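Each of the two complexes below includes chain A, the first together with chain B, the second together with chain C.
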Partner chain A sequence: MKKVWIILIFIILFIFLNKLLAPKYMDYLKEGNMTYEYYQEKTNHDVIFIGDCEVYANISPLTMYEQYGITSYVRGNSQQLIWQSYYLLKETLNYETPAIVVLNVNALRYDKKVSEAYNRLMIDKMKWSQEKIDLIKASMLEEENFLSYVFPILRYHDRFDKLKLEDFKYLFKEKSNTYNGFLVNKKVKPVKNLPTKRKLANYSFSDNVYNYLDKIRKLCAENNIKLVLMKAPSLYPYWYLEYENQVKEYAEKYKLDYYNFIDVSDTIGIDYQKDTYDGGLHLNLNGAIKLSNYFGNILKNKYHLKDYRSDKKVNSIYEEKLKKFKKEVE
Partner chain B sequence: MASWIKNLIILLTCVTIYCYLNISGLIFILTSIITTYIISLILKNKKSKILLTIGILINLIILLSFKTIILYKSIVVPLGISYYTLQVIAYLVDIYKNKYEPCLNIINFSLYIFYIPCLFIGPINRYNDIEKELFNSKIKINNLYNGLCRICFGLFKKLVIASRISIIINSIVQNNYTGSYILFSCLLYTLYLYTDFSGGIDIVLGISKMLGITLKENFDRPLFSESIKQFWNRWHIALSSFLKDYVYIPLKGNRCSKIRQKINILITFLVSGLWHGFNYLIWGLGQGILVILNIKTSSKILNVILTYVLVSLLWVFFIYPNNMEAIFKLTSIFTNFNLGSLFSNFLNLGLSISNYLVLIIATITLFIIEKKGPYLKISNNKKLILIGTLILIVLVFGVYGIGFQVEQFVYSKF
Partner chain C sequence: MKKIVVCLLFSLVVFTGCKNSEVKQVNENIKKVDKVTDTYVFSNNNQEIVIGEEFSKDKLGKEVKYSETASCAFEGIDKIYTYDHFELTTYPKDNKDVVGNIYFLDNTVSTKEGVAIDDSIDKVIEKYGSNYTQEGTLFKYTKNDMELKFIVEDDKVTSIEYAMIIN
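Our next item is the complex of A and B:
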């Protein structure tokens, strides 16, 4: 019996150390907590946005709710690649079935696994499921190993001398840093010098990318979800005409709606002297509100989404969220 | 379970692991096993020096061929060749000298050579020492605790201490430092090699203990030796005693003139250098000279320090496998010491203050635990607590994972 107690104590200590040493992503690298924040949602959503930083920096679901009564959530991550979007969407469907899934197409140009750091930001705080296992397997770089995702201590043990106050403060509790997946950035950095266009050897999306795009399309079709493609506005000249044509071709072939907001930046009212936090790559809070107003209008009118502002239960939850949101943005 | 079935299962497991790790080496180890087995059976009835010489030469030629080729070409050396070659040589000589009967059971004999835990870093086992342990082993609960303790302790030595020191040494080598840095790296290398090698041996001994096999110790607190001679009696005991029994004594050891005795010591250490590889001959010669000189003072503590420093200086040939570079670096200690540079650069050698602190505390802990002996006489519950604590310490303070290159055990390359 004594042995059982000893083993139990060490298992508890092991779990505690795993928790203590893993990054909390609360005050630093807030992007790392985005995947987890979704699980705290109390209502379903009619629209789910998936994609990279272009969704979580540019789309404000609470603005869409306030203006049009649309319930939506951004399941975005830094450098979310297409296969990661697929598994994250698949995981989302374990919790709810939205009417619309909006996929930001920026990541279609990437075929290679990028970095362990991005994988960690996305996967570390994801709940365990078959989708998480598949996502890890699809995302891991050669130098990574699966076990370190199961036991974070194997990856983060060297943080023993880098522990910060947040590691203790948020050991057993979490806080939300986003508003339905939207990460507020109020900074203003006007556009000055834009990088020059780079000539690429190959502009074609890879077979692997198309394979996962097909998987997302089929998954949506199987679940009666309308798949919509979007390209967030950006002044950086990295969305080449060749990319645009391939997306258009794909959308036409499968009768998908595609919205490229780069072309309608002026109509949206984006002022790149005021509405960007990094000189034209991403929008800041002001820009995101403008884009969300514009896109929300399209979603509301074209897809006839329900206005939840008249739904007492949902509205009370969103009123709470809006109160917090407004407090931060004002 | 009948012992022959158990031995067959262990043997098949060892062979499978061997094939998985180094299938190209299988032909060489099988050659050693088959030739040695046959020759030993003949030697039992017919004491033929020629046959003994043939048996030794077959094994020695294979070993030396690889030691030579590896100097010029990057090749995969058969796993454990340095260790099992010495085992079969010792076995043939012992059979020839009628020290014990040859092993008639081919399964048991193959297991003696193929016993995989010992093929990575030793120890080199004598047949008569291991025979009963290996072939009649029984798994017991106490042995499981003792073995696990030993394995965890080995991992602690390797991952918490040795891997940390290797960061400093690699930084000194990569930045091409000279003078005081070389002295610093040599002094650290003794501790590094000890924790790396004995850590690996702890794991081997621990695994064996869990299987009910008690192997001979390979280290006896060598870092506290009071003379070079004592150091070599306590360091890599299996190799030292092999060299003593099969090189030094056949050369007539110390039963000859003083000059001849000194030459015998030099030859023995040269063979030791050769066993490590051709580029370790100067190192072997240096150690031999130090044993002959046997420098000592009247103070015990001073002798321990002196022995540590002298042994350390010659590890420069391990740090820099190129002999000319090693000699240049060693000379720089005396020509361009520059201690100030080392002090000012102390925190730029790859370790932070907290990591130095971990290293110091872990080293002190190591010496305290080792003083109590390899197998602690405490209750199984206390051992369980020790195992759990060591596992957690290794998990948190071990140097491994992404961003760290855990070096393979140094002695696995010999």
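Our next item is the complex of A and C:
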């Protein structure tokens, strides 16, 4: 009997330490909580945006709702690579089937796994599913091991002396930092200088990238979802003409709609002296609202999406969200 | 019974308490890397710039242009100093700006070993040997944690870059 108690206490202590030592991503590195926040949603969405920081920084779903009654969610993470977008989309389909999936194409340029740190931001708080297992396997760098995703203590055991107040405050509770996946940034850092546009050895998207792009396209087709491609407006890193041509070619081949918002920045009204928080890489709140107004109008009119503002149940949920959103942005 | 308690306590200590020895090991490795001098060095006006070392602005004088890029989520910014004939990028590391990358802008500047843009691939091999890796038009020479990269088109060098290997 005593043995059982000791083993039980050990298990409880082990679970507790796993939870305590894992980063909470609440007040610091908020990007690490984005995958998890999606699970708190109470309604389905007609549009799901997937991609890297260019979606979570530049697309404001609540602006689209307020202006057009479109329900949408951004499933984007920092440095989210194309294979990660695929598994995140696959996981999303376990919860809902949107009418439209909008994929931001920026990440198509990257073929290599970037860093463990970005993997952690995206994966640590993802719910367990077959998709999570596949995502970990597809994302892990050589020096990583799968078990450390199962038992965070294996990865974070050295956080003992780095624990912050949030590690205790959010040990058993969560909070939302985004608005349907949109991470608000109100800072303004005007574009001054941009680095030189460098010559690359290879501009072609890799076979691996095309393979996952195909998988996303097929997954959408199988589920009767319209796949739309977009490139968010940005001045850096440079979106080379060679990249653009490959996306256009792919879109034409498979009859996909593709919107490159770099080319229409002026029409959208983006002012890179005011509407960016990091000198032209991402839009700030003002810029994101302008882009979301512009793109929302296209989505609404071209794809005839339902206006949920007349749906009492959905509208009451979104009214609450909007109240909170406006409080933060005003 | 005692064995079980000892085993359980030991496993907890392993999970949570190996920090100091690991940190010590990592620090030792960093020291070892710091001591490595076998690397490609960029030289400009008799000033040597080593990839991975802390950047001293005084060495190169006033830049023509300065820009910054931030990472998507993490703190710290990459600083890009554009000079007349090359561009130097620093990355944040241990609260310092270390040289991460040097990119040639024209053919008026050359590597310390004497290779410039517009030179032939034969000259590159003559100066650096044939111990390179090739990916399409890219020829890479690697030493420790840095790469010297040449893009070669029609047998002519069209781009030269010193770059830190970032893991």
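In this text, the second predicted complex is superposed on the first by the 329 of 330 C-alpha atoms of A that agree within 3 Å, B and C clash if a C-alpha of one lies under 4 Å from a C-alpha of the other, contacts with A are read in each partner's own complex, and residues count from 1 in each chain.
The rule is short, and it goes like this: a contact is a pair of C-beta atoms (placed from the backbone, for glycine too) under 8 Å apart; a residue touches a chain by one contact, two chains touch by 3 or more.
This is a predicted model, so every value here is computed, not measured.
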First, second, both or neither for A:157, with chain B first and chain C second: both
Which superposed partner A:194 touches (first chain B, second chain C, both, neither): second
Touched partner set for A:144, first chain B, second chain C, both or neither: first
First, second, both or neither for A:79, with chain B first and chain C second: second
More chain A residues in contact - chain B or chain C: C
Touching partner for A:10 - first (chain B), second (chain C), both, neither: both
Which superposed partner A:24 touches (first chain B, second chain C, both, neither): neither
Contacts on chain A seen with chain B and repeated with chain C across the two complexes: 2-3, 6-7, 10, 13-14, 17, 21, 143, 153-154, 157-158, 160-161
Chain B partner contacts - residues on chain A that touch it in the complex: 2-3, 6-7, 9-10, 13-14, 17, 21, 116, 143-144, 148, 153-155, 157-158, 160-161
Chain B residues within the chain A interface of the complex: 352, 354-355, 380-381, 384-385, 388, 391-392, 395-404
Parts of chain A lying in touch with chain C, wherever the complex brings them together: 2-3, 6-7, 10, 13-14, 17, 21, 29, 31-32, 52-53, 78-79, 115, 117-118, 121, 141, 143, 153-154, 157-158, 160-161, 192-196, 198-202, 236-237, 278-279, 281
Partner chain A, residues of chain C touching it in the complex: 1, 4-5, 8, 12, 15-19, 22-23, 65-74, 80, 82, 87, 89, 103, 105, 135-138, 149, 151, 158-159, 161, 167
